[in-house]
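There are two complexes below, and they share chain A, which is joined by chain B in the first and by chain C in the second.
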Partner chain A sequence: MTIAVMKTKAEQALTEAFEVNAAKLPGSTAVSEARRDAIGKFSASGLPHRRIEEWKYTDLRNAMKDTLAVSVDDAVKVTIADVIVALGALAHVDAHRITFVNGRYRADLSDLAGAEGIEVTPLAAALRTAPPKVAAGLTAVGAAEDAVITLNTAFMTDGAIVRIAPEASLAKPVLMVFLRAGAEGRFTAVRNVISAGEASTSTLIEAHVALPGASLEGQMNALTGLTAAKGAHVTHIKIAADFGKAVHLSNWDVTLEAHAVYRGFQYTSGQSLARNQIAVRYDGEGGKLDLSGAFLVRGTEHVDTTLVVDHAVPRCESRELFKGVLDNNGRGIFQGKIIVRPHAQKTDGKQMAQALMLSPDAEFDSKPELEIYADDVICGHGSTSAELEEDMLFYCKSRGIPDNEARALLIESFIGEALDKVEHEGVREALSTMARDWLSAAEKHK
Partner chain B sequence: MLEIKNLHVKLADEDRVILKGVDLVVPKGEVHAIMGPNGSGKSTLSYVIAGRDGYEVTEGDILWNGESVLGMEPDERAAKGVFLAFQYPMEIPGVAGLTFLRTALNALRKKRGEDEMNTAAFMKLVKEKGAKLNIDVEMLKRPVNVGFSGGEKKRSEILQMAMLEPTLCVLDETDSGLDIDALRVVSEGVNALRSKDRAFLVITHYQRLLNHIVPDKVHVLANGRIQKTGGKELALELEKLGYAGFTGKAA
Partner chain C sequence: MAAVKETIDQVKTIDVDQYKYGFETNIESVKAPKGLDESTVRYISAKKGEPEWMLNWRLEAFARWKAMTEPTWAKVHYPKIDFQDLYYYAAPKSTEGPKSLDEVDPELLRMYEKLGVPLKEREILAGVQSTKVAVDAVFDSVSVVTTFKEELKKAGVIFCSISEAIREYPELVKKYLGSVVPQSDNFYAALNSAVFSDGSFVYVPEGVRCPMELSTYFRINEKQTGQFERTLIIADRGAHVSYLEGCTAPTRDENQLHAAVVELVALDDAEIKYSTVQNWYPGDKDGKGGIYNFVTKRGDCRGHNSKISWTQVETGSAITWKYPSCILRGDYSRGEFYSIAVSNGYQQVDSGTKMIHLGKNSSSRIISKGIAAGHSQNTYRGLVSAHRKATGVRNFTNCDSLLIGDKCGAHTVPYIEAKNSSAHFEHEATTSKISDDMLFYCMQRGLSEEEAVALVVNGFVRDVLQHLPMEFMAETQKLIGISLEGSVG
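Moving on, here comes the complex of A and B:
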């Protein structure tokens, strides 16, 4: 059955933009075909809307009425100094750096010197030259039917292909910088494909930041596919911090082989609309997942975290902790689904989402879902939403701490519990600084 | 000097009147005790001095060093030297005791026009003052009061007082929940702070604390007013006879 739906302006424009830009998008014939196939799927489905269960709280069709010009071959002048300014507190993190400006790899802004045990290739180059079988793998990351992912396949311009050698232990994190620059807002699609070799140890950071002075608007569609091979230890962090007008659509598609240990963390602030989807699948027994995040929301911003953790095999562990601070008319959404397949005995899964409400007009919707088909499992979830406690505020103030500082102290301590999940000290401190700056900006806001 | 003049206090969102004309003067250098039956308004008095929301002063005034504190925010009062050791100290999950103490100390120093204290100097001071109260630095790395025993909470209140060096110290039932040894430690901590520049208001239900912290005067609060004022022997008298004579009810 097909239901004829009127296409919105954005849906129409995206389909048309594909036709106009198809020739400029990087890739071999096989890749072009995959792109064409994906835009076909998108044209049929359109943007996800509230009548689709998983998008009940985030009506993308309604929120993204217009689309910006598609980013294909921007040449914006950006210097290393600019990148450092845009990175802010993150610039202090000692890391191998690969930089993309408006979705294009920039060798002049990247520094991978001395990186041992890893191989980093820009996606665009691989899309052009990879043999059909490899290209097929690059175009088939994530759920093929997901509308945001079909758009990503159709429009991806670049990204990082990162291969961590088996047994390698990276001394420094790999920082992938996605910089939004230029006076004109862009629709940008990037894709990263990461494979961590057996028993390797690595830290990968994706930073989505904007250059001061860049157009306030931007639409980012970012997809990262990650596979952690047997016994690999991977720390994977995404930081998306913008000026409050941008759209950030993100997908992580993670596969964990036996005894892989994966620590994922996402920090989101300053997005007018963010949808962070994370799908994790266990492909071997003994895998461990620790997924957490912090989101800071004010004005009319909207941040949605939607997870699906698929315990497809026995004896795996999952932990999730997401904490959000919501001010003004901000809205936070947490949807966490844990699936335990029939034979996935001895699964141990726990999930928690917590919101701190700074305003009576803020809203937090939390929908934990446990789909358990095995009987010998430990699974639990919880969700809280609370205001700052007057008693605690009074206690702080009675000790001489002014109201604004007392509030900041209590908010920081709330969000700090999530930030503490980040084991890398430099990154954790950078995130604390960013959260503190967000709070003091709130003070100026008043 | 603390001067409480004809203080009337009601609950802000109820019609209940709790204090009905309290008059009290505590000169600097003196320790005054307030005793009284449960529910007589002792904690209410301490909260109104510190500036907690939820209470309304309908009449009267509270002056500290000649200045009314009623219009001041709690942190401004703290900057003027007011300190309340809570009957039930609050727990603050996620804020380490050291962070809390240092934030408070530096906020007060800033308000008093002094420089922030650096980490090394701060740590030295905390260790020194903590040792006197049997408080280990490890305990202060934990979140404020979270998971502390009753006695630990009270000792940590006194440590805060020792660190912040207030000039008006209000202690609300600091003795409750303390065993004999803890009582001695806490009392020694308080006594060490006694000086000609400081006034103390020690609220207690039992006389036993006053064996350790010997007061200059004892006041009996009942039925919303100070019913009687005397020397330290009044406490012993109350211990023997109870508060029946002041409440009109048998003890």
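Moving on, here comes the complex of A and C:
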């Protein structure tokens, strides 16, 4: 049964915004065509709603009633000092930096000096010159029917194309900063295309942060397509820490070739609405995946992590660990699907999602899924949700630790298990600091 | 080890199709005209001699059904069902109200004998069988006989067919029918509400512990018929009842529809234990024929400290679409779900449970064991939810899947919704195959591969088997062995 649904204000506005801004969006003819095709698809499907199984717990049509002005050719003044302030604890991480402000590459705020074995091109430049074949490659990412992805294709303004040379071993992480700035709230779409060459080793960090004093509103649609070639080791971290009424829609589309090792981590806090979608597909045998994340939710925030791990070939390993702390009326969602295709024998998959609820009104919805078509596999998942254990609290207090400190200690150790997955010491330290700050702010928030 | 040996022997004695209940009984029957419209509903109601209110209830359900569409979310695939190409009512001609067993068609009695269902009270009393089980036998669309009625009556327990209950105890039926599964609950429940023909009714009064196991035996015999039975069990305050249902059908090339509704109501401190051994015809080895088992089962723990426990052994049916659920409304109420779902050949199982916690300090436990072999698909689908105000809720879920062979699939789709912080939810699921080490160990000790598999599988499902009534445990072990026959090697 198909029901003709009235277009919401946001859906209408996005379609109209495309018409107004189409000429200003970067890209060759081939790219413009791909964009037009994408907005056509979006216009037909609209924003996803709870009747669509994958969006059961995040009704985007309802949650995103309004859309902000689309960010094109933004020219907000930002200095390097601003970037450092916005990065907070992350600023201490010694890294090659590529900076985007409101979805536009800023060479003046980037620093790639001394970077070897790596080639970085701003996406906008590549789109302008893209011949049809390249355009097709840049625009065909992920599930074509996903509304968030079609919106990204239609509106993407910039992003980083990162090529890591075969056998290169990057000494420093590559930090991609996506800064939200300015007094006006924007709808921003960025796309990164990362390819890690054979047997290369690299650490890539995406930081979605906002400048203090920026508008309370902002809508980010970020997509990263990543391919790890044979034997490549890639560490991929995303930090989305914002404030106000920020909306963060993110997609990772990861392909792992034979014997590639991929460690992904996502940290989310301060987002009024966040949807983190991760799709990982194995393209060659012997691939290894370790995906983890931490999400801190309070107020009426809503953070959704939805991932699909597709074991399409035999002998691959996957591990997932996601942990969330939910306070006030916060809502956390975890949907994790492991697919084991026929013939993908010797698959080893494990998944865990855990939520700690600090307030009686918090909510955690979990849907860990297994879809298995091969018999010689070991797959498992677990999901738990609970409040702080009274016994543990009592134990701490009986040792003379005051109640609030004991709570903080237990929460930190809970979230610490996820943060420990980050191997880079500097980044792990920065994340711990951010989590601690969030906790102390949570106290004040009450 | 004796059980394993027996399993193997049992396997050897069965015919090629491996379904020992595949025979057909020749009994003249009365059928409603083919197809479904308002007149079919009126026909069934008139046949049953139902009062006006019941007819209206059915018509209301039928009106709702017409506006509904078939659910498509389950991981099962089948050709579209033509609901106009079915007979909605079939009854053995000679059984229009038998007064005693002597009046029942001897052919029918022979059939039940063949199935191993005891309908003769005398035999049971003579000690042929060790424990007493009261049986309500449902053949196609009607209940043919209910045993031990008198003895149950002495204890105050009402155990009869639902048609009889509508006539004799209208107040109870009016009060509870549809109160757990409303007419418009889902597509198949609405269909059932409109055309249900028979089923069992149980009422256990306050403080009574039902003196024996109650049981219903369902048999589809007629061609091209759908079976739509409705079961309603009410345990009043402090009552206790244990109920078992079994089902079989003849071997046929066509697919037959079985859409039942089971409603359980447990009031304060009451306990209902509902066990199912479902062995409908699963289709032949190429996936031809078999029963479509689309069932809505739900229990309502309405009272404080009430308890409902579902135990199911699913080995039959071409397609199973079944989610026995508990609404834990009462404070301190408890829901349990123990399931073994075995699929082989081209069977498709999409089954699981829902534990809806509304009462404070309610708790639930889910143990599900899925075994997939051959080309079958076996899905566990479940929901555990805690209402905002249901504090102190506990749930533990464990679903394990075992895969035998590389052409089958095992899937787990749990939904876990904690809407308040004091809910403690734990969920774990694993999928694996029988480890070669285990098989090697057994075979090294002299067991054949098939014996070893049966042994491991029976070990795998033991947690659930323990919750079946004693008499059926051995039977179930055999059934599992039979269902998996041919899956090794």
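Keep this in mind: the second predicted complex is superposed on the first by the 442 of 446 C-alpha atoms of A that agree within 3 Å, B and C clash if a C-alpha of one lies under 4 Å from a C-alpha of the other, contacts with A are read in each partner's own complex, and residues count from 1 in each chain.
Operating definition for what follows: contacts are C-beta pairs under 8 Å (C-beta built on N, C-alpha and C of every residue); 3 or more make two chains touch, one makes a residue touch a chain.
Given the structure is predicted, the values throughout are model-derived calculations rather than measurements.
Novice: Which partner, chain B or chain C, touches the larger number of chain A residues?
Specialist: C
Novice: Contacts for A:133 in the overlay, against chain B (first) and chain C (second): which applies, first, second, both or neither?
Specialist: neither
Novice: Look at A:384 in the shared chain and tell me whether it touches chain B only, chain C only, both, or neither; answer first, second, both or neither.
Specialist: In the superposition, A:384 contacts chain C only.
Novice: Is A:77 in contact with chain B, with chain C, with both, or with neither (first, second, both, neither)?
Specialist: In the superposition, A:77 touches no partner, neither chain B nor chain C.
Novice: Once chain A of both complexes is superposed, is A:372 in touch with chain B (first), chain C (second), both, or neither?
Specialist: second
Novice: Would you sort A:51 into first (chain B), second (chain C), both or neither based on which partner it touches?
Specialist: Neither chain B nor chain C is touched by A:51.
Novice: Of the partners chain B and chain C, which touch A:401 in the superposed model: first, second, both, neither?
Specialist: first
Novice: On the A-aligned overlay, A:413 touches which partner chain: chain B = first, chain C = second, or both, or neither?
Specialist: first
Novice: Would you tell me the residues on chain A in contact with chain B in one complex that are also in contact with chain C in the other?
Specialist: No residue of chain A touches both chain B and chain C.
Novice: With touch defined as at the start, can you tell me which chain B residues reach chain A in the complex?
Specialist: Interface residues on chain B, with respect to chain A: 50-53, 73-75, 77-79, 83-84, 86, 89-90, 92-95, 99-100, 103-105, 107-108, 111, 143, 160, 164.
Novice: Going by the contact rule at the top, pick out the chain A residues touching chain C in the complex.
Specialist: Going through chain A, the ones touching chain C are 1, 53, 326, 342-343, 345, 355, 357-387.
Novice: Touching chain B in the complex: which residues of chain A?
Specialist: Result: residues 390-392, 394-403, 405-406, 409-410, 413-414, 416-417 of chain A touch chain B.
Novice: Which residues of chain C touch chain A in the complex?
Specialist: Checking each residue of chain C against chain A gives 69, 73, 388, 391, 401, 403-433.
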